[in-house]
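You will see two complexes here that share chain A, one where it goes with chain B and one where it goes with chain C.
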Partner chain A sequence: MPYTAEISRTNPGCFIFLVDQSASMSDPMESGETTQPRAEVVSNAINRLLTELSVKCAKEEGVRDYFHVAVIGYGHNRVGSAYQGTLAGRDLVPLSEVANNPARVESRTKKVSDGAGGLVETSVQFPVWMDPVTNGGTPMTRALGYANTLVGHWVDMHPGGFPPIVLNLTDGESTDGDPTSAAIGLASHATADGPVLLFNLHVSGSGGAPITFPDSEEALPDTYAKLLFQMSSVLPSHMRSYAASQGHRVSESTRGFVYNADIVSIVEFLDIGTRATELR
Partner chain B sequence: MAVSRDGRPGHGPGSGHGPGAGSARKFPTGANYAEALQHPELCFSDPDLKHGTVQQSPVLGPKPISGNFASVFSVTATNGQRYALKCFTRDSATLGKRYSAISTALGGLGGPGAGGLSQPWPVGFDFLEQGVLVGREWYPAVKMTWVQGTGLINWIEGNLHDPAALHSLADRFLAMTADLEKNGIAHGDLQHGNLLVAADATFRLVDYDGMYVPALRGEQATENGHRNYQSPSRTAADFGPAMDRFSAWTIELALLAVATDPGLWTQLHDRQGEFLILSEMDFKEPATSLAWPVLLSHPDRRVRDVAGRVKGFLGRPTSALPPLTADAVRLPAQRRAPAPASASGAGGYGAGGGLGGSRPTVTSWTPAASGASASGVPAWMAGRIAASTAAPGVTQSPVQQPAGGRAGLSGFGGRSAGDLAAALGALLSTSVPGALVLAAAQPVDVLPAAQGVALLTSAALVGFGRRRRPEYRAARKRVRELKRRSRELADPASLHQRLEKEIRVLDDAIAKDNTASDQRVQALQLELRDGQARITMDLNRRTDQAQQQLAGLAAKERRRVDKALEPAIRAHIQDKLRRTSIQDARSLSNMGNKMVQALQDAGIRTAADFIGVDFSHNPSVVYLVRPGGQRIRVPGIGEARATALSDWRQGLEHRARASAPTTVPPAAKAQIKADIAALRRTHKAEIKQAEAEALQKKAALQQRITDERGRLTGQRQQRAMDTQRRRAELLQQQKQLAGAEAERGRVEAELGVVRGEARGALGVGRYVRFLVTGR
Partner chain C sequence: MGDIPALPRAQWLWTQKSGSSEQECEDAAYSWQSDEAGVDSAGRAVASLYAAVSDGASESLLARDWATLLVADAVESMRLAGDWWEELATFVRDLMERSALHWDAFLTRYQAERAAQGRPITWYEQPGLEKGAFATVLGAEIRATVLEDGTTRWFWYAFALGDSCLFQLRDGRLLDSFPLCAVEEFGITPQLLGSRNHDVRLVAERMRVAHGELLPGDELLLTTDALAAWMLSRKAGGEAEQASALPAFAAFDQQDFADWVDDQRARARMRNDDVTLVRARV
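Right after this comes the complex of A and B.
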């Protein structure tokens, strides 16, 4: 049965985040009571997820390398690592190194319950690995090609492992040609445990209702949305049941795709899309 | 044991937001808890925790230890007491109920000692309904006493070369599982991560989320345990007192195996692997496992026996497995006739109960790799080497059994080509000059000179031939050795040093060899795993296409049928149209007799005589299109009439289509079915072929790896035996240094004997006789 391989230090998993850094990512989107540039919402979500993964894989002796993680930005004339600080320029990085090397740890203020019915403002530590960048076009085809190279190498080194998962977060149409064949090429890599998974998320500022994890393209508004849907892999069964447990309606053909995502569905997308088979 | 029932009553303001029983709610993630725990004064209600200090990680704040469904944090209270706080990341409505039942059951066990537990394995806990405040809601948590202990894998690695310690740990493990069995309790997730070994080498069992106690009868399991410790047949329905048995046996087998032969750990445990010596694939696909053959053919009988039992459990339902008892892992001869499970539970804490003194005696083996002196032989060598070399304590004089052997001293044996050449040469050189003399009647004074040369030559040849004899060489070597030894015995201290050094070199060499071969075995395992994965990948790629073709065959068949029907349908429509006179068009509101006449005049007599109308170029100029494609104008037919005519004809066609034949003639249908069946067979054959090839490739790969490993094992055994023998000799020599003077006398005496023999039995005279007679 595909997508059941054990994820362990001897059999690590692989996440590649592709983050759109085009100019339009500076457009605002709603974030609670305020608005924030889309790029800021996305980089916050990725930073939070890297903390989440580090916590999930932490053991007595420290963070274990159950995963290797790449964060690749694509924007003006550039496709490459979006890590900052010591990890700058690196592609796939073992999770323990990620955990130990955020670019910085910010102190952010947050209102939390004071346990007596009121709210109190406290500061919380927030590790940061990537910052929002917005500039130029959306070279999605090149970004998928970049991921293709990383994935090809990974699959060759880990033929029996859980297949790599590529999560693409974008707000616009590809500006360097139809990405379909690049996506097909990427998903044609496979380990013995199944083909590479490509999940897509379309960020929106429009405020319309997000379409999360659809199982057909019928409800999708336009050809661009349909194209992203077709590029997205069907969710493996353990992610499907997790999505169901989180209140999503799913079927056997539910795909890893969110259209018109708001801030909540970005977090959900990352949470469901990086859900591993059991981690010990 | 500090086990309270339900934690503290909920009195915080957040309790109103608590979960209703049975409703699944989204629990905080590990990172959510880590963030909340940055402010213990806000997120806790328990006073110990509220004023406590949360242990921090180097970079990311509160330091978590995460499992599949929870993250654990370390909190030290102001009084110095350290707690482990377990925060759940997955909702379980029955969590509180379960922990309450577990608390009651464990509380009733009593402490360690006579009649109680074998060791203090239970860990005290409080279930806190209001554990942690995250956001605006309280979430439950389990507050446990912090256990100081070493994880099982680390402990094994630290004691790998202490077989006695490993054996007594195996006994303790057995005793602990007996405690559980006796009380009808099962842990649910016995695995290395949940087994801590305290400083006194007794177990602490942690993580009770999946624990079964009798009060939970009828419940379902919330988790199925670690995949590398479970029978493939375990399901959530197996929640009950027997659910630990498979994992218990697996762990006991691992402990016994590495206690008996630490090389098994190096060979079978992956560095950083989440298992001991067996993992999921060994259980799911035992046929392709490399571990089973190693264990099942291990020279140690008990390892073989226990491994055989565990392997036998693979096909069986977990509930049908026997409990792990001390008697079950004894060798048959040592088993007690009736062995009640409870008997093994009474070992007493700290006494290492269970097996006690009934252990086989192979435990004294300390491998050369440890650097310590070898005082025994590894189990797998037993019976393969002579007792005298297996046990260096047995007196064995190197003088009596020299390295070179003494067989040669009884004389020469078996003439070789060299001997024959020497004999021939000697014969020729002495006889030829004689023959010359006789033939040529040389002057007399020449004769002695020639004969002298000839005799010298033959003597040299005989001497050369004799020196080439192995017997002679061995004797010479022995003489040299004895001389050196005699010299050394005059200075016992330096000899002792030399022997010491030689033993060290020997130990280092074998340790290095063993490490290299262990690494090679591990590499082979990896090669097998990756190789099998690659074969599967290739198979998937090859069969994917065929599978898709197969899936599309039904649609293909429908298309073929439709296509086969098409001519019959067309003929039927044509026939119907032809049978409909254009006169019938008079029923149309805008068509009168005059128009019909005009159509007939233009050659349109039936509905089949035109196929459509065309006014695309100019709406005022209307053409009727004839079946051949030619366009004709009919006077009086404008846009409206043309449209009506076209609709009339289409209506006719539509009705005709409805009455058209729907079944393909039997012959055509049979042909289609046959074609599709042939395609199906082809694709299925392709898949079968690919599968068979993959299977063959996998078998070949496994064979290659198994052979290679067999070769390595053989080499290793040979090396170990050689080393042992040599080591025993050296040790013996060292031992005898005490009587160096007497020994020197013996050596001198033997030297005399060997020299004498070399001169006698291996002397020139004997050699010449040997050359001539072969004896």
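Right after this comes the complex of A and C.
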């Protein structure tokens, strides 16, 4: 059965985040009672996910390298690592190195329960690996090609492992041509455990209700949404079960795709799309 | 009053999951027996062997330390309470208070040692430390009781929280299992005792207790989940599999056990996990 390979330090998982850094990512989206630029919401979500992964894989001796992670930005004239600080310029980085090298650790306030029905503000440490960048067009085809190279090397090195997972977060149409063939090329790589997974998330431009993890094109509003749907892989069974446990309606054709995502569905997309089989 | 017969010795075998080092094994086991006979609540001479196993949850920090502490505290709480199963809530309170006290002292020492090594607790460890460590715990007492007519009878009494299991074997065949009876009962979210859980009532509600009688020659096995699932899948495997002899664990040393576990894993008969077995034959 595909997508059941054990994830261990000798057979680690591979996550590649592709982050749209085009100019339109500076447009605002609702974030609680205020608004935030889309790029800020996305970079916060990625930073939080890297934090959660590090915490999840932390043991007494440090963070275990159950995963290698790349964060690739694509925008004006540039496709490449979005890491900042010590990791700047690096592509796939073992999780222990990620955890030990945030660009900075901010102190942020968070509201938590006071145990008596109220909320109190408390200070939490918030590591930052990437900041929002917004500039120029959306070279999605080049970004998928960049991921294709990383994935190609990875499956050569880990032919029996869990296949790489590529998560693409964008708010617009590709400005460097139809990305379909690049997506097909990317998903044509496979390990013995199955083909590479490509999940796509489209960040809200209109504010309407998000369409999360659809299993057909029917409810999608336009050809662009349908294109992203077609580019997205079907969710493996363990992610499907997890999505169902989080209240999503799923079927065997459910794809790793969210259209018109709000802040909540961005977090859910990352949570479900990076859900691992059991770590050993 | 008749003489107390010699208590059996507990045999402890374990191996870590494939791909981990020995130091990373998060199972723990402990056994203890008194050199002197005691007296039960009915005034009869008794002697007991106590044993416990615990499986630390891999997704928690310091799970191995918590499991190690729990097995020693479980044995201590059983030993000090006498007929501990009679008042379960009192037993659970004693175990939880004892382990919480030891855990707090351990954590203070651990954090001081880390600071002294120039490796203070990092941001990625802090949430795990705040959440606490989690582990299953299974404790058992094998008790020899000398009756009024001078004969000795053997009983076992056990408690369990989670999916570590006890098996009673007679003539090499499975007679009883506790707390799980079928391989389908193994879930991915077993009951666990958390180092920061102080809800005695909840834990007492979740804790299972059982007992049985042992005849001379009977064996009692305490195992963590991978071997327990192996035992129960064997039971479900039909007559032929049930009738085939169990490995001669009595003759195994650590290496034999590790080799046997490796072989079972290679045949996809056993999950890749830490494996612990405590065994005693009366």
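Heads up, the rule we're going with is that the second predicted complex is superposed on the first by the 278 of 280 C-alpha atoms of A that agree within 3 Å, B and C clash if a C-alpha of one lies under 4 Å from a C-alpha of the other, contacts with A are read in each partner's own complex, and residues count from 1 in each chain.
What we mean here is this: contacts are C-beta pairs under 8 Å (C-beta built on N, C-alpha and C of every residue); 3 or more make two chains touch, one makes a residue touch a chain.
Keep in mind that what you see is a predicted model, and the values were worked out from it rather than measured.
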{"item": "Superposition on chain A - do chain B and chain C clash or fit", "value": "clash"}
{"item": "Chain B versus chain C as contact partner of A:192, first or second or both or neither", "value": "first"}
{"item": "Contacts of A:159 with chain B and chain C, given as first, second, both or neither", "value": "first"}
{"item": "Which superposed partner A:113 touches (first chain B, second chain C, both, neither)", "value": "first"}
{"item": "First (chain B), second (chain C), both or neither touched by A:58", "value": "both"}
{"item": "Touching partner for A:122 - first (chain B), second (chain C), both, neither", "value": "first"}
{"item": "Chain B or chain C, by number of chain A residues touched", "value": "B"}
{"item": "First (chain B), second (chain C), both or neither touched by A:10", "value": "both"}
{"item": "Partner chain in contact with A:246 - chain B first, chain C second, else both or neither", "value": "first"}
{"item": "Region of chain B that runs into chain C when the structures are aligned on their shared chain, from 42-50, 114-122, 420-428 or 636-644", "value": "114-122"}
{"item": "Footprint overlap on chain A, comparing chain B with chain C", "value": "6, 8-10, 51, 54-56, 58-60, 99, 105, 125, 127, 278-280"}
{"item": "Interfacial residue positions of chain C with respect to chain A in the complex", "value": "17-20, 24, 58-59, 61-62, 122-128, 188, 272-273"}
{"item": "Touching residues on chain B, where the partner in the complex is chain A", "value": "12-14, 24, 26, 29-31, 34-36, 38-39, 42, 45, 57-61, 63-68, 71, 133, 135-136, 151, 191, 193, 226-228, 270-274, 280, 529-530, 532-534, 536-537, 540-541"}
{"item": "Chain C contact footprint on chain A (complex, rising order)", "value": "6, 8-10, 51, 54-56, 58-60, 63, 99, 105, 125, 127, 278-280"}
{"item": "Interfacial residue positions of chain A with respect to chain B in the complex", "value": "6, 8-10, 48, 51-52, 54-60, 62, 99-102, 105, 112-117, 120, 122, 124-125, 127, 159-161, 190-193, 245-246, 271, 278-280"}
